[in-house]
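Shared between the two complexes below is chain A, which pairs with chain B and chain C, respectively.
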Partner chain A sequence: MNTKLKVSEISKIYPGCIANDKVSLEFGSGKIYALLGENGAGKSTLVKILSGVVKPDEGQVFLNDESIKLNSPLDAKKNNIGMVFQHFNLFETLSVFENLSIDSDKKDEELKTLVNDILKKYNFKIDLDIPVLNLSAGQKQKVEIIRCLIRNPKVLIMDEPTSVLTEQETDDLFISLKQFSKDGILIIYITHKLKEVLSLCDEVAVMRKGKVVSVSNTIDEKIESLANKMVGENLNTIKKKINNFKNSEEILKISNLNFKSDDPYETNLNNLNLSLKKGECLGIAGISGNGQNELFQILSGEIITEGTSIMFRNKEIGKLNPRERREYLMAFSPEDRISQAAVPELKIYENVALNNFKSSNFFEKGLVNEKKIKEHSKKILSNFSVNTDNVELKSQFLSGGNLQKLIIGRELITSPELLVCFNPTWGLDVGAINYIHETLVQINEQGKSSILISTDNDELLKLSDRICVIYKGKLSKIMNADTVSAEKLGILMGGGSID
Partner chain B sequence: MSRSIYFLTPVLAIFLTLFGGGIIFFILGFNPIEALKFFFITPISDLYGFSELLVKATPLCLIAIGLSFCFKSNNWNIGAEGQLIFGGIVGGGVALLFYNHDGFYVLPIIILSGAIGGMLFAMIPAILKTYFNTNEILVSLMLVYVAKLLLDYLVVGPWSNPEGFNFPETRQFSESARMPILFDGLRIHAGIFITLITVFLSWLILYKTYLGFQIKVSGLSLKTAKYAGFKGKTMIIIVFMISGACAGLAGVGEITGPIGQLHRNISPDYGFTAIIVAFLGRLNPIGIIFASLIVALTYLGAETAQIFLQVPKYTGQVFQGMILFFLLGSDYLLFFKIKFLGLKKNEL
Partner chain C sequence: MSFDLNFIGILIGAIMASSVPLILAASGELITERSGVLNLGVEGMMIIGAISGFALMVVTDNLFFAVVGSMLSGLIISLIFGLLTQSLLTNHVATGLALTIFGIGMSAMIGKNFVGIPGKEFPLLFVNLKESIPFLGPVLFGHSIILYFAFGLPFLTNYFLKKTKTGLIIRAVGDSPTSASNQGINVTLVRYSCILYGGAMCGLAGAYLSLIYTPQWIENMTGGRGWIALALVVFATWSPIKVLIGALIFGGITILQLHMQAVGLRIPVQLLSALPYIMTIIVLVVISRDSRKIKLNTPTSLGQIFYKEK
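And now, the complex of A and B:
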């Protein structure tokens, strides 16, 4: 059966921001559509409108030429629109089957045959009786997809589905999606990963600042052309000049550092040794969960070690907490920007005040110097092109890219000698990634050092002077970046050895 | 959600409580309007009544202000009653020690020792939490009974009045150990100034200092507090110390103010009721002042109702319970939306 989905002149206005500006799009079954855009371009809002979570201010949605009202997620379900969100909505302690039966009105036996048919048809291998918490991210996503398939969806919307998947799982997902499409399900795929658009989708709609700026066949597009449409400007490809740091002064030295955790979910670190010179960027690669978190916390002072194990500008800092380390001109940008680097409920200037130390004078004699903090915040907002000049704005209203600019700005405005950042561009769009990368290159050019812990190899190879890999809490040999290839990194990340 | 609604729901909760109370009185066979008038208007219709209101509100407000430090930073100190009693014990002990002394210095020493007593008692759950990872709710709550039984033992045994015919109470404190009375014939005492100064200082600390900023951040995200380098353990201990000191002050204010000695029941559960006050006042110093007056009224109303309507004075606690119930209920409806889906499951 053919399905046609059409959105017509949809507008949604939030206070201070037009999320969707007269968006009109047409989709037909048998194809996979990509909805591409930067963070804050309005694609999430459009998807929320299609799934009934958000009501549009204006405009209509047509399914097979019939106008439909989507006032709640229930309405979306009734109209056979299925949605798999980026964050899973599963009960971890219930079994797979229990999760499926919760929002189904079918009898258990009937449902079981149906689910088994789906499993067989699409070659999914999932044990229905084990609790969801034992599943991998990819398997959990399959459970979500099955939950949609049970309802015979005409439309399946996938929101950033690969952000938690491994490469193998991503490949599997793409095979399944193509199969669904063949079976007549209309698929709308939301992403900001350009490679995925080209390898999976048939048509691509690009959104920018709430408007649809282009609709085209993916055959006619290239990565650069899509990226340009997304950010609306030509991207500068950054080329890092590889420097020779032989004669530079050593700024950081970690020797024989060990960390043993009481928490079984944390990784122990064994005998870490590294050194960093002035103006140098050291990249630390690795598959997430191999000790990056712990390493970041040891560098930032959230985990305290022996004083002598970390020397920064010839001072023992192992025992100092983050605030005291900032005093010595270190700065930190953690991976989790929403719940660690900043507090969404706090205003921008209050979040700026989180990076304070004695010489910042934000708090004089224990009292808040609000004027000083606000002045400082204004400077950050303009110097780091954050998309607002209102320091009283709660930071939950900033998009991911703007929040990260604020955080990086907050860390850098004090001109630190060393910036430690952990996945600084995770989940950001191309424009923001580019901005952050430029900033990181800039600080090296100014003679400041950086440690980049990242799970993105392209980023690491682009920005680092030297690279090493962390695997099961151990660091590999530190190599010059120009001698390292992505293949080499891959071998080390998987626990292999080279030469 | 707008800020004004956030502060208006407590008012709504109070009206709902009046309504609920009216229904209860109606079921008991009273004219609800008349009964509510006895409960809420009669007690404060003269100067004496108004002074009594302030007498009750003084400790409630003081304890609630202290608790707001804990609650704002996600530390659940439920044992203010115990800290109040322990502050009373220490302050009372010092008062008995100075039984034969006269002088302006006696009262400040007693007050100070009461505050320190409450503070030290509150540090027990704080230290156990920070160094042994115990649950502060349980520890602080259980310590209430420790303090109560200790007081019981002292007033029956070693500290009981030698000329008291074995009544479970201590001697009356000397004049120098008593809070000055503000007006002749009324019981309102200088403790109200301690409360007002504390409210002002709390506002200053919570909104204008680094400590207040740390409390706010820690309450919102412990991960961020750690990343910013706040000394988490120190902060937990400080907020418990502040709230314990406030409860201790309230205790010592009671025994040197209206009571004038130690006996078994130095507090009609002010320490527990103050939890309601703190939340009704939205953990905001100004809000807490108003909330303490309203909750204090339920204490007075219960007494009048007992006299005029012959209902037990525990009606006061019923009203306090209703306030909390309606407040939590309104909050729930404020943060979530109820939708009636009906029973047509096949449409789901």
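And now, the complex of A and C:
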């Protein structure tokens, strides 16, 4: 049973944005197809059209040479097109089985046998009777996949499936996807991660600004060639000058940092010591959940620990709260942009005002000085090339990359002496990652220091002057970056030791 | 002794009767809220049910028409709420409050000509059994058919929500309307149906008051029972069985404190009148304190406006 799926001249126009501009693509079963593009390139719109959630303004979809109408998700289901959305479409408070049975016409017993067969065949381990909110992201995704498999899909569309998965879960997913492909299911894999395209997919179509710019076999492609197609220009390779900081002034010194948490899900920190010179970037590597969160919160003043000494610019700041630390020229960019760094429901300028300083005069006599804040925000938007100049826009409408630029911009516009950032490029596309990396190199060149806590080793090796690894709340020896390799980091991250 | 026992039986019977409007209204509202719609118009829908039931009884002289008519009028007034919140996407809270104010005003207007008219006797079932069996007789027998329906309703509701496909769909819509819509469920239709059902049950609750409990029309005769029903749903953490328990406690303490007032206990009357509210909340909070269950039963999308992506 061969499946052929063809989209022809699909266009979808939203007010102020052409999401899809005469997109034509062809797919055939037995292969895994990548649909690659930056955030906002139009991939998600295209898959929403294929799954019947959004109606195209123009164009047609053909399944096995027959034109099909996709006016609702039901139509997609009827045509055996399955879809796993980036944001799960599950009912958190219902049990796994209830989630599966809700759109199945089968009787409960019949469905249960079918589901158990699928679980066995693909080696999924999921308890069907527990509520979905108790599952990990990887398990939730499996529930979504099972929901598609129940309907014997001809086409399975995966929208950015790995953005919420751990590395192990990603590996598992790839094994399953290859198995599905072998079983004759046509797989369309949407992503902005280049490595995944090369390791998983057979063919790749690149989208940019709503258009398909290239279709090719992945064997003929390399990371660089795909990246350039995706961004549409040749990316500057970032080159960091390795400096010698022996004679530089010490800006930060932390001694005997201990943290014991009452929350069993937090990691205790054990006797952390580190120091930082002016103009230096210290990278902290590690698998997430080894104490990075707690370390970040202690640095930013969200957690105040007794008996810890944090000397910053020759002043003891261990007892200061985040705002006081910011006044003293520290800046912070937390991991979770949406919930920690910004309030998505607030407008851009309101989010900027949240980071107010005494000196910035955003508030006068208890009143908001809107004009001043807006001017300040406009400056951030233009200085940090955020892709809008509308400060009235709600922050939730910014893409991840633009939101991160706004946050970093908000932090840097006050010329802090130290920037602490935690996974600053998490989930961003190549263009935005490149921009953030350039910015981070720039601040070091201007003689400002930075601490980069990250789970991305490439990023750490690219940007850091010195690197250490955090494992189970303990820091490894701090090493010069030019003496460290990715393998070395890998050993330390897994709790091994090197000499 | 047998007299005492019989008296307790009669007391329990009275308590059951007084909790019927709460059970009916709260069970209806529970379904509405499980689909993610917060309708604060319960009081308004109840009082409209009360006056239209009474008015139809007077005009047609037929209790069946009166009861069915009260449910229809509750349904119609909830349709206004549905149109506003589901089709015109207005805010649930504001619309619900407006509905209550509208209902109270409207019922007073219609009711002007019906004040002082005596009600008609509503047929009670198994009256002879009530008198022949001590204690259990007055507890179980001699009630109206609506009471028996009301006491079965929470169990039916529970079964419906947990065991049937339609119940599953309602819970799914209340959990995440966006996901439901992406699964091909017609969210607006589901929510409309739940709103209308809730309206009909509130209408019936009102009719019970004006046709059976105190068979006459008095302005404002629901006396805040709609609000109690709303609170019951929340404090019972959207569990129909707990709604039944809460309604019985509320009805029970209301009756008991009246007796206590009559006996002349040296407790301030104001405190006694406040007792049903306080006790009901305390008991429901205590029996519902399992935070995991609360999370599972609470309709996540409650009060959120849903509109479909085009």
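The rule is short, and it goes like this: the second predicted complex is superposed on the first by the 441 of 499 C-alpha atoms of A that agree within 3 Å, B and C clash if a C-alpha of one lies under 4 Å from a C-alpha of the other, contacts with A are read in each partner's own complex, and residues count from 1 in each chain.
Throughout what follows, contacts are C-beta pairs under 8 Å (C-beta built on N, C-alpha and C of every residue); 3 or more make two chains touch, one makes a residue touch a chain.
Remember, predicted model here, so these are calculated numbers, not experimental data.
Asker: With the two complexes superposed on chain A, say which partner A:346 touches: chain B (first), chain C (second), both, or neither.
Answerer: first
Asker: For the three-chain arrangement built by superposition, which of chain B and chain C touches the greater number of chain A residues?
Answerer: When the residues of chain A touched by each partner are counted, B comes out ahead.
Asker: After superposition on the shared chain, which partner residues are touched by A:322: those of chain B (first), chain C (second), both, or neither?
Answerer: first
Asker: Taking the superposition on A as described, I'd like to know which of chain B and chain C A:91 touches: first, second, both or neither.
Answerer: The second partner, chain C, only.
Asker: Just to be sure I read the superposition right, which of the two partners does A:482 touch: chain B = first, chain C = second, or both, or neither?
Answerer: So A:482 meets neither chain B nor chain C here.
Asker: Given the touch rule stated above, what does A:375 touch, chain B (first), chain C (second), both, or neither?
Answerer: After superposition on chain A, A:375 lies in contact with neither partner.
Asker: Classify the contacts of A:74 with the two partner chains as first (chain B alone), second (chain C alone), both, or neither.
Answerer: Both partners, chain B and chain C.
Asker: Report for A:224: first if it touches chain B alone, second if chain C alone, otherwise both or neither.
Answerer: neither
Asker: Looking at the overlay, does A:55 come into contact with chain B only (first), chain C only (second), both, or neither?
Answerer: A:55 contacts chain C only, not chain B.
Asker: For A:103, select first, second, both or neither according to whether it touches chain B, chain C, the two together, or no partner.
Answerer: So A:103 meets both chain B and chain C here.
Asker: Between chain B and chain C, which residues of chain A are contacted by each of them?
Answerer: 72, 74, 77, 103
Asker: State the interface residues of chain B toward chain A in the complex, per the touch definition above.
Answerer: By the definition above, chain B touches chain A via 207-213, 216-217, 220-221, 223-224, 226-231, 339, 341, 345-348.
Asker: Touching residues of chain A toward chain B in the complex: what are they?
Answerer: The touching residues are 72, 74, 77-78, 103, 105, 300-302, 321-326, 332, 334, 336, 339-343, 345-346, 350, 353-356, 363, 366-368.
Asker: Under the stated contact criterion, what part of chain C meets chain A in this complex?
Answerer: Residues of chain C touching chain A: 165, 168-169, 171-172, 175-176, 178-185, 295-298, 300, 309-310.
Asker: Quick check on the complex: what are the chain A residues that touch chain C?
Answerer: Listed in rising order, the residues are 48, 51, 53-55, 72-74, 77, 85, 88-94, 98, 101-103, 131, 133.
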